[in-house]
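Here come two complexes built around chain A, the first alongside chain B, the second alongside chain C.
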Partner chain A sequence: MNNLVLTIALPLLGAFLLPVVMRLSQALGLWLGPIILGYGCWLLGNLWFSDISLPLSVAIGGFDAPYGINLYLDSLALLFAFAVQLLGLICWPYGLNQDTARRQALMLLLVAASTGLALSGDLFNLYVFYELAAVATFGLVVASSTSAAYAATFRYLILSGIGSVLTLLGIALIYSQTGTLNLAHLAQLAPELLNNRLGLTAYLLILIGIGVKAELFPVNAWVPEIYATASSRLSGFLAGLLSKLALLIILRLLVLIFDQPEAVQIVLILGILGVISGEFAAWRAKDMRRMLGFSSIGQLGIIFIALSLPDERGLLALLALSLHHLVIKTGLFMLADGWGGSLERLTGAAKRSPVGAALFTLFALSLVGVPPLPGFWAKFTLITELAAQSEPLYLIGLLVFLLATVIETSYLFRIVVKLYSSAETTSEQPEHQQLPGLSLATASLFGIALLTATVLIAPIGDGLQAVAAEAKNTELYIQTVIPATPGGQL
Partner chain B sequence: MIFSLLDELLIFSAATVLVALVLGRGLAVGWMVTILYAGQLLVLIKMAALGYGGDPIASELSLSVMGQDLSWRFDALSWFFALITLVAALLTSWFSCGEWERKFKQQGGNVWLFHLAMALNVFTMLILLASGDLLSLFIGWELVSWAGFLLMAVAGGVATKAAMRYITYAVVGGMSIFGGIALVYAAAGSLQYEAILIAVEKMSTGQLWMLVLLFGSGFGIKMGLLPFHLWQAAAYAETPGPGSAFLGAISSRMGLFAILLVLVKLFGIVNIDSLKIPFTLIDARDLLAWIAVFTIIFPTYTALKQNDARYLLAWHGIGQGGYMLLGLVTANSLGAAGGLLHVLNYAACQAALLMAVFAVMHRTGTADLNKLGGLVTRMPLSFLVLLTGIIGLAGLPPMNGFVSKWLVYRSLLEDGMPLLFLGTIIGTLGTILSVYKLIHNMFLGQLRVEHEPVREAPWSMMIPMLILAGTIFVTGLLPGIPLTWVTAALQTIGLTGPEITLGGIESSSGSLDMIWVIGVLFAGFGIGAVIFYSAGPSKRVHQLDNYAGGHFLTADVRYQYSDNFYSGLMHLIKGWYRGSFQWLENSITSLVEFLSLGMQGIYRRANSEFYLLSTALFIIAWVVF
Partner chain C sequence: MRKLTGLLFAGGLGFMLLAIASGLDFGSPPMRIGEAIQSASPQEVGAANIVTSVVLGYRGIDTLGELAILFAAASAAGLVLGRRHTTTGTQRKGGFVLFHGGALIFPFLLTIGFYIIFHGHLTPGGGFQGGVILAAAFFLPLLARPGARLHHSILSVIEAFAGASFILIGLAALGEGQAFLQPMLNQDTLGALISAGTLPLLYIAVGLKVGAELASLLSNLAQTESEQ
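After this line comes the complex of A and B, so read on.
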């Protein structure tokens, strides 16, 4: 089962070797990254279909948890790890020069760190991988080397830096209370040692720190600028996946350790604020990428609302919304590759690239939640679950969610209408930006995935339900990592 | 797997969409699609037993997604609405074949998209009508909304703006329903009708009010009920001709269908007295009735102001929806039958009227009521169709509109609701005034010089128009035929219909027999004709023979009395047009704009994160130490 480590180790190794290899042989350098990621996909895909019973815990270096470091693999982790490798492959910065070599190395680093985030079983490693991902992201954003990118990255750097410090502080607080950082072990100790004000403080620190990447309100001020300046493929990866991985950490913390009403409530409130601020800001955005960035904040807000739901169906809603947003946002950012910049220029763009316009419409419809597209089922699960809660705050969440959908429709379909309107200003602006073939192909891939999911919605729903049930099972987590002890005492 | 008739219908309808999609750029697609609509109608007729109280027909298809069971079936109510939908689709599609299509293409229209959008509209409407639980109802509802958006946006330009406005309203409505569904699900644990019926009995008044408001406003938006009516006129009027006639005839009735199914059948709103508004004398039912009456009055008088024939009719469509709702919420057997019958009668009238208007537009290129006139000599058949239509719309004998409106008036009087009755009379007055403006400014008066060469509309348009005109008369003469279906439909939602005879209804407080009414009317015409022809020789006057206001004008000075029509009346009532709803809509838009600016401001402030994080840090430090 040590193969699992390879999914982190190989991209990490590749990241350091790539610049060297590129000098030796360009052909090999060109293929090194995709081969590593492809192998990772194959490895994880195999795991999914093999008869190995999940969840399982892999001890690294021969020391068993809680004393050694472990990787924890349940269906949820596997799903996200696979998504990381696959999306890394899809968003791969293809190219053949020294500059892209640097980008490719950073991308491999990002993939390694992200996979680590999905699989790690202890807080400290999560922190390390989180930092690693942050560093790789800075490098990748700056790689577009425009002054706007530098400014945006600097802002992101500062925010992310403060976030890291806060996270570390939170982790330190936890360690000072419990003496361990292993999640399973913490889950055992938490009811006694962390169910107090100090525990809550530690949680808040980590939430705000990690929330920077998860686009949590109010530490998401970096989002619009970074997405507006980074390459679309990178923005797709960041908005689509990295934010979800940060979310995954918060989810694990909430499920395993901080199972307290206050902890959940703060997530709900911040989620609601995120939805309001993001969607309203997107409504006036004049630029495609900024609009997508704001809309991403809003969507993540909705996902945070789902995160605050207490039971299994809530987790199902969270998973469905996250995966849906992953597909849609990445797809939309691919389209922004050619259509970035002012929205005004998109007038009549459907004539030039009908496929792109059709994809945009499809994504918009699903994002709004038009049945029978998958977005509808995700939203349906969310609202029924919200309405079932007795806390009035959840009903406010429901209301805000419904309002957000209206605003979302308004700004997304203004663009759709613009795309399909006949271009009256052709004499003024003869050249529309063309969609690059690669981005269009990638976006088509996401479109096909979306349509496939529409048809297969029933089995997918059942699958996600199983994943959610497994992830919600604290006892199972503890038993898997520390099998010797019956849950409760060490 | 054996297909039921419903499956056949839905597959047929889906096949129509497919044909429009794949072969839509080929030749004669209009005819092909029209024949397919006829095929769908045949399948529907095979289900005719439903209209006479037959057992519901279920679809073999049922799904279970994320723990939700979805099913589809047809009962008498669905069948009644589906019949109107398919007849409207067949005739409007027929109208579009041949010449209209060619001209549309010449003007840069996308015929393929038009037919596709029409086929999609029909298909989604059938899905909605077939829904067997609240979730499939919502799915159908959303599909209908978006299909409607597509059809409205086909024309581009102004139409797209109207369509955008429509979809914003529609999504507000959709989300309102979505929220209602979530609450229902939380209360009943299921979205099957049986479970909801049980849960409704246990609900508190507050819960019930919440649901009635959410579903009522959601469905009401599609019906164009006040205050959600602003989107409808432009959206319907700007749709390409046949599409406009189709939407005008049936589209917003989907809202009525849903209201019947959810508010009347599930929540039993017409039978519940507990839904009282505190400190007033009215309950939920009265509230709906008053909304219905205001929906009759305001849009009808807005229609009176319009100078575009399409807009005039579209505004009327909103008002007529009020009669239907009003009849249904009075819920005695006469009113309910009248309200539901008016759906059919109105659909026939509106489709005929809009087709006549678009036929005129096809020939003259304009629907501006100030630029037409005297066309009766050039397009006599269209005139006849329009005349039939306006008599029906105004609710006068011998056309079908009289029957349904008579039933509604009668029920209001019987139930002792004189104020509501007065409201409907005011509305009808507005209708008569504005339809007279319509026919006068288009067909009467003197022909304009530029319209000298105009010919009658082509037969591809004329035949469907004449069929509709015939329908309007026949259902007026023999209202017993549709009333039987209406009664069967009412039974499915727990209401009872009146005693039916072929010529009308049988009631202890006063029967209606249209065969007699029309007989007497025609006898009157006969007497008039006898007097006319026995009075000696008559003089034929040419259309251009002017004699106005005591001044003699020569025939080369055309005299048009259409500009600023009803100026005296308008002078009297213009103070009442305040545009309050428009103001309301604008202020909501401004509010969103303002909030949006503010939110962008939050993200634009460069150092916000600094302030925020440092405060967070201080607070946390304070908690820890």
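After this line comes the complex of A and C, so read on.
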């Protein structure tokens, strides 16, 4: 089971060697990254179907859990780790130019860091991978080398730096109270040591810090500019996956360590504010990519609302919404590859690329939640769960969520109408409205995945239910990482 | 409006930090993990410098992550700076004292840098600190003679193989059926130069990688500056 670490170590190894390999033989260099990611997919895919009993904990360096660093693998972590490697392969920067070696090395670093975020069971180790993901992202966004990209990256750099400092401060506070950084060990100690004001402060600091990547309400100013300037493949990876990984960290903290009503309430309030601000800004946006960025903020807000729900069904809604958003948003960003820029230019684009327009309509329908598409099921789970709560704040969440759906419908179908309207006036820049073949193929892949999920919705729902139950089980987590010794205490 | 928000945020954060600090009791840190590591690490890892046994042993993958962060930052800087096309600077030379002083101090810096790297498992210091001194040694001639160049291709080869060897040492343990980055080889006598198994090798890899990375980054910056 020690092989699990290869999914982090091999991309790092590839990234270190890539600049030299690329100079020796370009063909070999170009194949190196995809081969490593393909191997990672194979390794994790095998784990899914093998009969190894999950969850399990892998000690790195041979030091047992609370002393050394461990990787924790349950179905949830496996699902996300697999998604990281697969999406890394799909969003790989295939294009060739003078910076290919550097860009591909940074992408490998981003994948390694994201896998680490999904698997690591140590608070400080998570922080290291979080930093690595941030720095690799700066480089990848700057690689598009327009002055807008420089400005956007600079803003992102500042905000992300503030987030990192706050997170580190929170971790330091936790360490000063407990003297440990291992999540399982913290989960054991939390009810006694962190169930107070200081613990709540530490949680808030980490929430805001990690929230920068999760597009949480007050710290998401970087989102529209970065998504408008970065390459569509990168935006797809960031919006689709990295935001969910940050969310996964917050989920683990909430389940394992900060099981307090106030901690959940903060998430709910920030989520509601995120939905309102994101959806209204998306409605007003005049540019395809900015619209997708703002809409992503709104969607993440909805997912944060789901995160604040107390029981397993809430976690199920969270998982369903996250995976759904992952598929849809990445697919939409692929379409934005050719359709980026002003929305006005899209008039009549359906004639030139009917497949692209059909895919856009499909994604829009599922995002809004039209049955029988998976989006309906995900949203329905959330609605029933919200309606079952007695606290008034959840009711506000429900109302905001319904309002958001209306706004979403409005701005998405405004574009659909535009796509299918007959073009009389605009034919100045037809070449810009053409979708690149590779992006269209990738988007079709996501469309097919969506349709498959529609057919298989019942088994997928059962599977997710099991994943949610496992992730919610704090006792299981502790037992897996630190098996109880006869002596009893550490 | 924006300034006011910033002021409010900074003020609030400052107030919160003060409130936290007043509630902390200094001087009695909980040592749940720390104490166990302090007492066990000389036998388990065999490094006289316990900090090193934590950095490379107990939290080895954190160190690997830090190396990767440095690499990512250097690559990103290279993407930004590498675009400008560089010409040989026409600035005046650094003068007699700087020029000959730099030449004189170069071997000493190299010696100190490598000493600190090689003794990382015995005394305070190690790969990161020694690597920075190595980078300074190679950067000094650039300050004295602004037109001079470093061999970027050689530096990038050193950087790549130093980074790769850190991971390969970890993978070697994996190949032996142990955990990734598990310390291997004989521990030997505690406090001897050749002791603590693979830890000194890891630190040499760290030192070379940090040194090569910083040297090429600094020379990149110097060349971009000399153009303006």
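Note that the second predicted complex is superposed on the first by the 474 of 490 C-alpha atoms of A that agree within 3 Å, B and C clash if a C-alpha of one lies under 4 Å from a C-alpha of the other, contacts with A are read in each partner's own complex, and residues count from 1 in each chain.
Just so we're on the same page, a residue touches a chain if its C-beta (ideal position, glycine included) is under 8 Å from a C-beta of that chain, and two chains touch if they have at least 3 such contacts.
Just so you know, these numbers come straight off a predicted model, no measurement behind them.
Once the complexes are laid over each other on chain A, chain B and chain C cannot both fit and instead clash.
With both structures placed on the common chain, the touch criterion links A:40 to neither chain B nor chain C. In the superposition on chain A, A:198 makes contact with both chain B and chain C. Of the two partner chains placed by superposition, A:236 touches none, neither chain B nor chain C.
In the superposition on chain A, A:5 contacts chain C only, with no contact to chain B.
Looking at the shared chain after the overlay, A:173 reaches both chain B and chain C. Once the two complexes are laid over each other on the shared chain, residue contacts for A:458 go to chain B alone; chain C is not touched.
Contact with chain C, but none with chain B, is seen for A:16 once the two complexes are overlaid on the shared chain.
The superposed model puts chain B in the path of chain C at one of 9-17, 63-71, 117-125 or 171-179, which is 9-17. Chain A residues in contact with chain B (one complex) as well as with chain C (other complex) are 173, 197-198, 201. Of all residues in chain A, only 2-3, 5-6, 8-9, 12-13, 15-17, 19-20, 23, 58-63, 66-69, 99, 102-103, 105-106, 109, 112-113, 116, 124-125, 128-129, 131-132, 135-136, 138-139, 142-143, 145, 150, 169, 173, 176-182, 185, 197-198, 201, 490 touch chain C in the complex they form.
Chain contact summary for the complex, chain A toward chain B: residues 155, 158-159, 162-163, 166, 173, 197-198, 201, 204-205, 208, 218-224, 276-278, 280-281, 283-285, 294, 316, 365, 368, 370-372, 376-377, 379-381, 383-384, 386-388, 398-399, 402-403, 405-407, 409-410, 413-414, 417, 420-422, 457-458, 461-462, 465. Listed in rising order, the residues of chain C touching chain A in the complex are 16-17, 20, 23-24, 29-34, 36-37, 40, 44, 57-62, 64-66, 68-69, 71-73, 75-76, 78-80, 82-83, 153, 156-157, 159-161, 163-164, 167-168, 170-171, 173-174, 178-183. Here chain B touches chain A in the complex through residues 63-68, 108, 135, 138-139, 142-143, 146, 153, 156-157, 160, 163-164, 167-168, 171-172, 175-176, 178-179, 181-183, 185-186, 592-593, 595-600, 602-603, 605-606, 608-610, 612-613, 616-617, 620, 623-624, going by the rule given at the top.
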